[in-house]
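Just below sit the structures, each encoded as structure tokens.
Look at the two complexes coming up: subunit A is in both, with subunit B in one and subunit C in the other.
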Partner chain A sequence: MTMASAPARPQSRSALKRTFERYPFLPALIILVVLIVLNGWFQPRSLSFVGITGLIKTYLALMLLAVAQTYVIYAGDIDLSAGAIVSLVNVVVVGFMAQWGGDGLTILAALGLGLATGLACGLVNGIVVAALRLQAIVATFATSIFFTGLALYIQPVAGTPAPTLFWRTYGGRILDIPFVFYVVVAFAILLVVLVRTRLTLRLLAVGDGQQEAFQSGLPVTAVRIGGYALCGVFAALAAFCITGDTASGDPLVGGKMTLFSIAAVVLGGSALAGGYGTVVGSVIGALIIGFINSLVFFVGTPSEWQNLVQGLAILLALMAGVLVGRGARA
Partner chain B sequence: MKKSLVLSAVAATAIAFSALSAYAKDVKIGLSNGWVGSEWRTQMIDEAKAAAEKWKEKGINVTVEVQSANVDVPGQIAHVRNFISEGVDAIIINPNSPTAFDPVFAQAKEAGILVIATDAEVSSPDALYVGIDQKAWGAAGAEWLAKTLNGKGNVVAINGVAGHPANEMRVAGYKEVFAKHPDIKLVNEVNANWDQAQGQQAMQNLLATYPDINGVWVQDGMAAGAWKSIMDAGKTGSIAATGEIRKDFIDIWTKDKLNSGASVNPPGVMASALNVAVLMLQGKELKEPATAGQYKNAMYLPIPFIDGSNLADAAKALEGKPGYYSYTSSFSIEDAEKLFK
Partner chain C sequence: MIKLKLNGVSKAYGATKALSHADLEIEAGEVHVLLGSNGSGKSTLSKIVAGSVRPDAGEILLDGKPVTITGPQSARSHGIAIFYQELSLAAHRTVAENISLASLPSRAGIFVDGDALEERAQRYMALFDGVTGDGFSLDAVIEDLRADQRQLVEIIKALAIEASVIIFDEATSALDRAQVERFFEILRALKQKGRSIIFISHRMDEIFAIGDRATVIRDGQIVGTKRIADTSPSEIITMMVGGHDETDAKAVEHHAPTGAAALALSVKNLGGRGFGDVSFDVRKGEILGFGGLHGQGQSAVLKALFGAAPPTSGSVELDGKPLNPANPRAMIRQGVAYVSGDRAREGVVTGRPILENVMPIHYLRDRMILAHPPASARKALPALQALRTKFAGLGFPISSLSGGNQQKVVIARWLIDRPAVLLLDDPTKGIDLSAKADLFALIRKLAEEGMGIVLYASEDAELLDNADRILVFNGGAVRRELTGTARTRYNLYQAAYEAA
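Moving on, here comes the complex of A and B:
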């Protein structure tokens, strides 16, 4: 309606619209920058090298789990067992490291076994949801209880220590650069490679419309199982980070992370209905949660209000993201 | 008027000066609590804050930063990292895990921060534990029970959460004591997850199964539940059972003249830890280094015990407090000073 009076505007608007459509994580990125500035404002030291390293160490696992969750959500599914997989892999890895002794080779073997565990869990989820056609939300809720039960069977009490070599490496430095930064770089490369694979595209296509995807000849069941398998593998990677950071096994360590991982995906601008989103957004979403948690403390929230304010802040970030995205695309 | 002002200013300076000679530096302490499910934890933090306030009289400002929320272990690790970023001088933590904090405590130590765990022991060599010995806590109740029963009788135990470190240590404590009394028979042990209602239920079942019980060893809030069952069954006079330390229970104990005795895990442990921390930050050295416990890093605090002989005193100490308020005790600054050279 304003076309005639302002011919220049629609064009710039559509350019903006295109940018936001191309990078659905832009609103999240803006929120993240705001949060970083606020953190720096209230506690300059939180943005120091040590502060940032600590933040990455703390939230790397959540970033990985958010990415894990993204692949499932791409296809319009959901994984409520992601956190339970983290716990299971954590106790498997720590258990084997403790049993085989803590030298370099056995650590690598235990990690390999952890990856296999994650993959197996993902495959179970995929088969239950995609092949047996159970509702994803209920089926993965059930498998989450099953995986937690397995973890509790393997290690009934939190506490078995991980070998010193393992956590000293994870928490230490190589060539004066903290080890986690290497992990971040490897993680980034892995994501770039995965974005270019056919699986990502196919997952999004399935999420966009299962029927259409099936009619155009995609192996929908296999693609969805693939999404869950990828989720399991990334959940295992998240478990490695938790293990490195906590240096011990805990059969319940990941339980609370599941919903945070879903929140991170949504904060990052991906659609829960599937077919639309980015892994970068999910990583940003996880960072938003991390920065909110620390900001709540740095602004000096009284202890009895900390949970409440944290919840409100996440809600606000969600709303802001949705509003900014909608406004820009409208 | 003016004169008195000047005088008081001089006096204040003099006091400040004399205090300065004993204590040099203002300190900032971070308190981390990872579970907010009980009043005990709230009281723990409130007492620690009050203890920090008391240091003002000594001319030293102790600033306290609190992070207290329901978090998982990674969430509490984030607490510690936030404190490191904040640049606190010491961290006092009621930890959610005995082992998971090893790496982050190592980082805190690297950053020159003193770390003290309280209420639950930690394995980290970079931290100190200031709190009660949970095993001795369990043993104290068992000793009282054995003495009250004259070393003879059928006893049952109602425990907390199986596998929880504090629970396991308490269980080890009573087992060791009962083993020394061959005529005391431990007929059954059940778990009621530190839940008052479950404790009551468990006691009902036990009373139905074993009509000839003489004694009950039960922990914390579950004791109030267990005693409810004992009273409902009309066995108040014939059974001796351990008790707990909240005002509500102490009142019932007094009113109904229960045959009870309670080990005290005072919420003041964090306040004691804070006083120890402040003294350590002043550069003072412990007379005896903290090397107790399974992790060789513990300094155990005395465990008060309430029984018939001092019940009235406990009731008096709790007068006017709300029903959920726990009987408490902590090291005052002077008490803590005695531990140092």
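Moving on, here comes the complex of A and C:
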């Protein structure tokens, strides 16, 4: 039971509260800064230019997938097939390039095909969940098995190499700046653009209450399908990064990323129930997971303990986020 | 000129006829008041016109031409806007965003035009300048607003559609005087422009201040339409009730215990969120009814007595001993039971078996740590059977039961260890008629066995049929007490509809 509240809090307190409400990713940002400092403490080189570039290269895919997941979660839905879409797009792109050669034009065509594949998967999810009204968790779990099955059919075993031009570009430099930085900038611009779209606002409104949104005259089904479609496209972009990073096709590469993407969204301060959140938070959430993993490595955790420590660290980060947020909002 | 016409519009929810063959004509440039007690079908009629509920039968004509309204969006495009009684706002979005949610101004077809959005919101918010209260701004988030401010947003949202037919379904229920005055000025201006307004309210003074004509609806049927200038509050109440004295309560079967019976519960000057200075006694064996319009403090008082929202002032005595309703756990141990009509949120443990849904109170009162299913089942079965609950087995999930049977399970919880006082907060919401009859028979039986019972029912008929005494709430206070043969529909309505 809460006691009768104290007579009026000082003004600064409520300003802090408002700041935290407006930027729900602030607790995550604080945790991220702490993790970065810890990383630098245990391994100064991890914060060097090369270290950061490597980390971004490895975790860009998860950042993109976390963003993908965010759009679905905005509307109060969830996509358990996001990782499977990554796998499917990965093998489609690598398979296409292996078939038609590795010149620039073929690579662009392959990427186009990959985007179309992601979009198609997203639309399937959206139709199954929003139009056929199946439970999102179960329905996308089923489609994840289906997409994985497709990926295994296209490429039964891992190992088909991606063309040299492709991974060299992703891992290389243009004008002395690592290519991934251009990707990051493009990604940032894309997110800024998307924040201002009507779709984003409508997704959030649907997440706040489907009945209210319907009664207001929003096309609820179409909006939810739109969220899944956007998720599919971002999952395809995540697949491109994975392909660049691993330089090969693997029909199971994305599977375990799904739950990490959901964890990143929650770490970033978005509500799983929908209606409330930011994509920036999800990017930060993905980075938190990335820095936790590298920290676990840098402090010299024996390999058989690494999963256990990672798991505990993510739990701690979640708790810290909740506590910081609650403390500031109370 | 007739703007909107309904011909034989009907809607049923299962066995409940929410609206039967409704005929209604709304003229251009009039404020047409819809009147009827709770559950009479006003919101159903409104939602059918606004496209969010599909009628089972009947036709709708606009400007003399039949139209098919396929959904809320289609209603808008026909020039129909609505203020929803339960509001249609997105809690985490801003005021400006909510006002334009369904027709977001855009740039290049895909981007939200923030300037146009704010300009539009500003223009309509200006209508309420000076009466909106603190914290009401373009970028305020709905969640942070007070109830009256949310209603203003919903009003503005309806106004911004610039529709030719606007429905306001209990749009003034949380507004203060100044806000209502301003709202009425706006309505008069709309009337001047030839818009048609359907106005639903329970406040007689408002109806006579703003209405041109009034249509009374009772049990889903249109009773009649009067010019406001040619009628009076008592005539309207008579129409709502259906004859002056004819529908008396079943006062004849007067079970109420004599004044000599011991007090089960005594409440003095109780105050809290949404009510103040409420005093009453409940005798053992008595069913005390709480009546009045929705949200006049009835539920709040019951929740306060159960410790769910502890009262801020006043005193409570249970069986002559002082009691501090600090939290539900303490109250359960003291022998106070509470059953909410909102089963999904406050009653059943969804997804769990029936047995587990019956036992939690017993576990709590006996301070049990480990559950022993066979022993639990021996206790649960008689309680459920006493209620004539229909179920396939104790292990089946609660969701396998109908609403009425779920509610019986929730009540069965309290029957294993009898409480001294049973608080019923609109317990029959969404329950079918036969289950209702079972429930009320049980409640009467519990009373006869010496329990003190407080019953809040949002349907007046239930109250008149089942309560020995009725306290009519209005504006968070008890306005009138109806006992014996004074428990008539007419008296109940009159007390409920008087200006608070």
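Criterion: the second predicted complex is superposed on the first by the 321 of 330 C-alpha atoms of A that agree within 3 Å, B and C clash if a C-alpha of one lies under 4 Å from a C-alpha of the other, contacts with A are read in each partner's own complex, and residues count from 1 in each chain.
The rule we apply is simple: contacts are C-beta pairs under 8 Å (C-beta built on N, C-alpha and C of every residue); 3 or more make two chains touch, one makes a residue touch a chain.
Since we're looking at a predicted model, the values are computed, not measured.
For the composite obtained by overlaying on subunit A, subunit B and subunit C can both be accommodated side by side without a clash. Once the two complexes are laid over each other on the shared chain, residue contacts for A:Leu165 go to neither subunit B nor subunit C.
Contact with subunit C, but none with subunit B, is seen for A:Arg196 once the two complexes are overlaid on the shared chain.
By the touch criterion stated above, A:Ala320 is placed in contact with neither subunit B nor subunit C. Of the two partner chains, subunit C is the only one touched by A:Ala205; subunit B is not. Put simply, more of the residues of subunit A are touched by B, taking subunit B and subunit C as the two choices.
Once chain A of one complex is fitted onto chain A of the other, the partner contacts of A:Pro219 are limited to subunit C, with no touch recorded for subunit B. In the overlay built on the shared chain, the residue A:Ile30 is in contact with neither subunit B nor subunit C. When the two complexes are overlaid on their common chain A, residue A:Gly275 makes contact with subunit C while staying clear of subunit B. Across the overlaid complexes, the C-alpha centre of subunit A sees subunit B and subunit C at an angle of 130°, to the nearest 10. After superposing the two complexes on chain A, the shortest C-alpha to C-alpha distance between subunit B and subunit C comes to 34 Å.
Remark: subunit A residues 43, 45-46, 48, 50-51, 54-55, 57-59, 61-62, 156-161, 167, 170-171, 242, 244-248, 250, 252-253, 255-257, 290, 293-294, 297-298, 302-304, 306-307, 310 touch subunit B in the complex.
Against subunit A, in their complex, subunit B makes its touches with residues 33, 36, 42, 45, 65-75, 77-79, 81-82, 84-87, 97-104, 106-107, 111, 123, 162-165. Taken together, the subunit A residues at the contact with subunit C in this complex read 1, 4, 21, 193, 196-199, 201-202, 204-205, 208-209, 211-219, 275-276.
Those residues of subunit C that touch subunit A in the complex are listed here as 50, 52, 71-73, 75-76, 84, 87-93, 97, 101-104, 106, 110-112, 114, 141, 157, 307, 310, 312, 326-327.
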